[in-house]
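One structure coming up, written as structure tokens, with questions to follow.
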Amino acid sequence: MAGRFAVRHLWFLLQTVFWVVTLVFFLTKLIPGDPARVAAGRFATPDQVEHMRTVLHLDQPVVMQYAGFLGQMVRGDLGRSTTTHQPILSDLATRLPMTLQVVAIGMAMTALVGIGLGTIAASARQKKGDLTVRILLALAGGIPIFWAAIILQWWLGHRLQLFPISGATSYALAMPARTGATVIDAALAGNGEAVWDAFIHLLLPAICLSLPFIAVVGRNVRSSMIGALSSDYVLFSIACGAGPVRVAFHALRATIAPTLTILGMQCGWMTSASLLIETTFGIPGIGAYLAAAAVNQDIFAVLGCVLVIGTVFACANLIVDLLQIWLDPRLRSTAASQGA
Amino acid sequence: QTRHSQRMNKIVVGSNTAPQSLDPIMTSDVQNELTVASAYDKLVDFDEKGNLRPALATAWRIGEDGRSVTLTLRRNVTFHSGNAFTAKDVIYTLDRIKTLGMGTAAFVSEYMQATSSSPLDVTIQLARPNVTFISALSKIYILDSALVQQHAGSDHGQSWLASHEAGSGVYRLSMYIPGQRSTFTRYDKSWRNDPARPDKLSFLYLPNSSTISQELQAGTVDVGITLAIPDVLQLEQIPDFRVARLPTPLQTYAFLNMRNGLTSDRRIRRAIALAYDYEGHVETILDGYGSVASGIAAPSVKCRIELPSPGRDLAAARRLVKAAGAQGKALSMAYNPAFAEHRRAALALQSGLQQIGLKLSLQPVTFPQYMAMLGNPDSLPEISILWDFPNYPEIGPMLSRIFDSAHIGMTNYSIYSNPKVDSLLRAGLNASDAHKACSDFKSAQALIAKDQPLINIADSQIAVVTGAQVGGPEFRPTFQLIDPTTLTITANTRTQVARK
Amino acid sequence: MTVLPSASSEFASTESKRIRPATSGPLGRLTARLRTGPATLPAASVGVLLVVSLLGPFLAPHDPYLVDLGNAFVAPESGHWMGTDDLGRDVFSRVLTAAPLTLLSAIAVVIASNLFGVAFACLASLLPAWAGSRLMRLCDVALAIPPIIVAMAIVAVMGPSLMAVMIALSAAMWPGTARLMHTVLRETSRTSYVEAAGLMGVTPGRILLRHILPNSLDAILVHASLEVSGVIVMIAGLSFLGIGAPAPSADWGSMIADGRDFVTTAWWITAFPGLAITVSAVLFSLLGDALRVHLDPSLEGK
Amino acid sequence: MTLKISRSPNRVLSIRDLRIDAPSPEGWRPLVHGIDLDIAPGERIALVGESGSGKSITSRAILQLNRGLRTSGSIVLCGQQICGLGARKLQQIRGSMAAMVFQDPMVALNPVRTIGAQVMEPLRIRGVPPKTARARAIELLERLGVRDAEARMNAYPHEFSGGMRQRVVLAAALICQPSLLIADEPTTALDVRAQEQVLDVLDDYARDMQMSVLLITHDLGIVAGFAERVAVIYRGHLLEDRPVDDLFANPGEDYTRALLAALPQIDGPLDQRLSTVGDPRVAQGACS
Amino acid sequence: MTDLLLQAEGLTKSFRKGRTSRLAISDISFSIAPNTILGLVGESGSGKSTTVRCLLGLERPDSGTVTYDGHELTAGDQAAWRRFHDDIGMVFQDPYSSLNPRMTVERIICEPLVGRTAPRDLRERCVEMLELVGLSADHLGRHPRSFSGGQRQRIAIARALIARPRLLICDEPVSALDVSIQAQVLNLLKSMQETLGLTVLFIAHNLAVVRYMCDHIVVLEKGRVAEQGSREAIFEAPATDYTRSLLEAVPRTDPELERARRAARRNTLSTSRSSS
């Protein structure tokens, strides 16, 4: 039953990704610049540029290029980057896991801190605690993450030496890349020290990345918690003798569904926000790749990144939707009846 | 700190030059070459004085007509794979470059074909005569043809070479994490092995100068290049660090559009040259790491003529602007905001021009955008700030690339067209006699200087911050940054324990 | 079919359900409420911020554009409160000069994106159901592309200028508003007074204008003031990536980007513009928060 | 029985001079002006009055459930003074000495928790092991007329009809066998027949367990059939507190009389206009 | 002119929920004679509101027709619908959500007339209407939130009546109100019907209220008409068990009687339960 539901969602998400890619393809076609020259290199002769143009199919009409691109994409080929001269798919495959693990830590932090702060604020609403949390949330949302990254790196990493300054692993503890996600690689290698090392390297970037999202989640949790806490079922629970912790827990369970939706939505955005901080921390992820691709007008690489981010967004949404069915009994029965 | 002591006899280089590919064909990009040079050898090389010297090729002979080069190859060279180095590796490398037609192909565009009569000699046929071709070979890294062919795939091994190496250089690649780091171990069977080199050489790719500086101070990095000068000055204060000041072939230019806009008037071009604060540029923008330009190319380049800097003379500049009737008029300038020096130079020029009554609007462009502008000369703004450099210490190819009217639409940044210059440059390049070529290039430089299609702003130096145990690096004129193989561990620190 | 919710679905899901009755017109109501209660402080602060930022360029003690290479990297001192940057320009003057640019363009972006988003949502709710849902599907697709990427693409097409940034950000922000508005409109249009108006022969346009929109305004207002905060940060982010207003215009984001190489040596070049962004973004988001408490006290419990 | 509660011999609940005030910009605004009320064990008392007269807040005050309101006076529940009690103590009292059900069963149950979990909760809070709690919950649900209770323990509220949900709510309220059940309009949201069934269940249970009930309702018909005593409350004042037959036969206050006459009767005369109490807000002439 | 103002014939409507569709009403037919009050009763969810929404064209019925004043209202016939809408007034169940909170009482009440009556006359009509429903001109400038539920329902009635409709449709107009206010509204509706010669379709689930108000009654059960007839017929001699059980479930306000009724009901219920 959930299977059908998932298929329908997947179809919608595929459509979404398709339109996103199409949109970005034509947008990038409008960008002035000559990818063939970039690919041929700075000192290239005219013949070499022309040669590159044919190799990249840039001599064909845009519609043909688009058709070719779609055809390639269906075959799982995203083309070749004009800067790295490698298949974009393999470029992305090495870089995406790196970003995803930062996003995963960031997401976990967002969920934990956002829900925690939101719950505290809602439970202490209109009191000092609430005000404090609201100001904290405003601060988290107001600090530009790229600035936070620079400042925190300098302060926590350089001055206080609490965190590694940059990179994804320590010099001595680099593991051979199997999955590309350093934490997982270290775990696969069975090296506990390296796992911790990889994790601590990603912590500061993840903290920076999660700041604005904590603000959004915190605010949402706060308002839906307030709604839940003033609902009759909470009052009834209190009348039955439930204590504040239990009450908060029950209210939280009822608000978890909308919170999840927001979290799912943010996965894609967080992946794209890595654009702003990866270079600062020297993490070779998709954000840094996208930044470089954008600067070098590596159109297919940009498209690939967008495709990946769109897919992350879509997958996160799909997972969230499935989780919601699991979490929300009302949806569960609708899904069952739809699947029937 | 344990981190440091674990690293005895190892050098970690921190720089922002993450290679996009380790394929030697891509070494026309500075950032790729820094890493790739550790693992490969070239046929010939230049020493710090700009003299050609043997490498994989021990001797060479240029054909009478200038259309062929014959090389004698070094014997007993083995690649990291164990394969012996022979003529077929040279032929394969050059053929591959020609087929792929990108990157370093630009340096050897005259290459037609190569033949060999024995494993240790190669004859290269050129499509046009070019006496500097042998110098261009100093930019070509030789591939282990057998190994590459094993992994050739459908793209001549591009994908494989992007993250692997197939060279005979002094280091062999032991680990590579794209965008993050690469680690090399010393290859003791190298023909130019030097025990002074560290057992391990690593590159840590850190995008920001401040990060590199912080990592240097944390002891993670031993050699910092591409540092912003304020960071260098700060590190200079710390006793553990040594700052090496290396010349580079890099020069900062402002190219003036000869065809369109205000700058088509020579008086305005002259005025702009007089309005710029060259000393300020060197003192503040480069923080002393550089010198005011004294010619079209850096001093290390052969056949260059000395051209005194115009100096700053605002009054004269103002008079010229008045004479041209251009007061209050506007012009625009393209610059790449990714480079701090360009950004700052752009602002300095803007401020200078304001003082002589010209309004300069700035147009930040990415490199691809600038390339597109060049392709459509009418869209080129009046001024562009650029770095340029001879790829090897020969001025001819660079002059031709920039000032030959045949390259309008490509790399002729000023849309400069002077038939006399054209013929001098072509004659120089095709001359079979090096002296004749040199004098042609010198005459061309004088003509160009008179036309003022460019302002030579400053020659850069690079500051390399090294930990106490590191020796080198040394200047090599084919490198815009450093030659990583010149980094050594100084003998007296070999056994030294870690810094506090 | 589950639709992809907007980032601010919090309003859609809980707030719009409780449409607050009003006294006399949105403006009167707002001013009346701003005089007392929790929004006073943030509103006043935002007011001061706006005034200061408008006067900013006139308050600047130095020429923000004057390059004085001999005077670079001066640490904060009495002559230069925030020090000077790598080109010897006074950071304080630059921060002040950048204020109106950033704040006003952020406000303009929010107004534009909200206008478009609201118009889009209205259109979707006026059209027949199938067409409306198609339109909203389009909106969901737009929502799947992170705003920063949309903005990057558009700035790349238009070339870097403040106008391009503004257009790009408006284009990036509208889907969120449209999604929110669509939900709010749908909920408002389900109330029985709207149905009653329909039965009394009031035309759909008039119903939208007189009944639905006025009662959805609160949600937009709160959303917009929270959004200003986000847009300020995003403008800075684009400039930081080097696709904002071109030099030499003082711009907080590019000031940070320019100064990032000097954090260890001249922290003030990055620190102060960053603080300026943070303070203005925080003030706007506190204002939005407070407005929400005001316009929808039911949500805040009793 | 793990939870034996000492029952005061003569009074389950004794309220003296209960005053409730709400904060307002001008200071504390009284909502309830000194109410006295006693409930004997097993007694059923109805609290009636027009909307906004203070019925709900009065009844919530018994368990100190009013948020943001100031309560003063004395409330003695099973011999225990409630006013001024600490949060811990209150938690213990809630649900075990007195329990409460609300008007709308549609919103009184947490939509994401199973029926079983919610019915068992009061027991689980008090540390009863899951097995015992489950058995007790099933037994009680069966008794309250939820058929096939064992299977339905794992169902969710949305799978239940209104009447069934109200039974579940009742089960959760009754599972700790409170001495007093406070029912705030428990049947208003239900239609006639469901209403009747829920009342029957309540009726039986209260009789069997000797439980006192404080019933709040608008519907004088329900009052007539269910309650033994009626307290009429009007704008925070207790107007009358008399046995039900007495009150219906000869209402002492004009207000009570009018309230009775305002109700259309299923067997009353048709040609007569209903009597109206007079809208107090119109009478006041202003609504500030 | 026919002697029936409004006729519903075989109204059927089902709602789709995912893949399954649920019949909300099926084959509902009834008619209203001019100047009478027709009551529509039934349990919650029996389809009362759906029937009304189909009548009004707010939902499109799957099948069935509505005839107003001799003209059939079909989907395409815009003119007929307009005439119909001009002739009806509507009062909703929830007085809190049926008035636009942003409008003044005057604008709310006058809205049906905007564009049809000279602005000069509007206020006059409005005041007249307000007084008719027991409010005064003082209330014109206020917003709905400063009124009680009963007053709001009066405003809603004033709005429904200002265009002088022939047919007034009230969907549970009193079920959200408490007893005392309910009485006011019922009285008001009844006197309006008499003084203005209105035809009323009155929906309620409280049988006592229906009995008090209506001349003719339609009883709905699970989306079907269980029974219909005059008040006397339904209340004196209910034809179906369903109606009877509804009637018997209504509490009486005499304690003695009520206790007896409850006792009797419980006996019958428990016997029927044990037998089933």
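The first chain written gets the first letter, and so on, giving A, B, C, D and E; residue counts start at 1 in each chain.
Keep in mind that, in the parts below, a residue touches a chain if its C-beta (ideal position, glycine included) is under 8 Å from a C-beta of that chain, and two chains touch if they have at least 3 such contacts.
Since this is a predicted model, take the numbers as computed values, not measurements.
Among the remaining chains, those touching subunit A and also subunit E are C, D.
The chains other than subunit D, kept where they are, remain one piece by touching. For the pairs D-E and A-B, the count of C-beta pairs in contact is higher at A-B.
Here the spacing of subunit A and subunit C, counted between their Cα centres, is 22 Å.
Remark: subunit C and subunit E have CA centroids separated by 47 Å (rounded to whole angstrom).
Measuring from the averaged C-alpha position of subunit B to that of subunit C gives a distance of 45 Å.
The geometric centre of subunit B is 87 Å away from that of subunit D, both derived from CA atoms. Residues of subunit A found to touch two or more other chains are 32, 150, 153-154, 158, 280, 295. Among the residues of subunit B, those touching two or more other chains are numbered 208, 210, 214, 338. Contacts from subunit C toward subunit B in the complex involve residues 65-67, 69-70, 72-73, 86-88, 160, 242, 246-248, 258, 260-266. Taken together, the subunit C residues at the contact with subunit E in this complex read 19-25, 191-202, 210-211, 214-215. Against subunit D, in their complex, subunit A makes its touches with residues 231-244, 246, 250, 253-254, 256-257, 327-330, 333. By the touch criterion given at the top, residues 50-51, 162, 190-193, 195-197, 199-200, 203, 218-222, 224-225, 244-245, 248, 258-260, 262-268, 270, 273-279, 281-282, 287 of subunit D touch subunit E in their complex. Residues of subunit B that touch subunit C in their complex: 208-210, 213-214, 228, 230-231, 233-234, 277, 280-281, 283-285, 337-338, 340, 343-344, 346-348, 350-351, 362-364.
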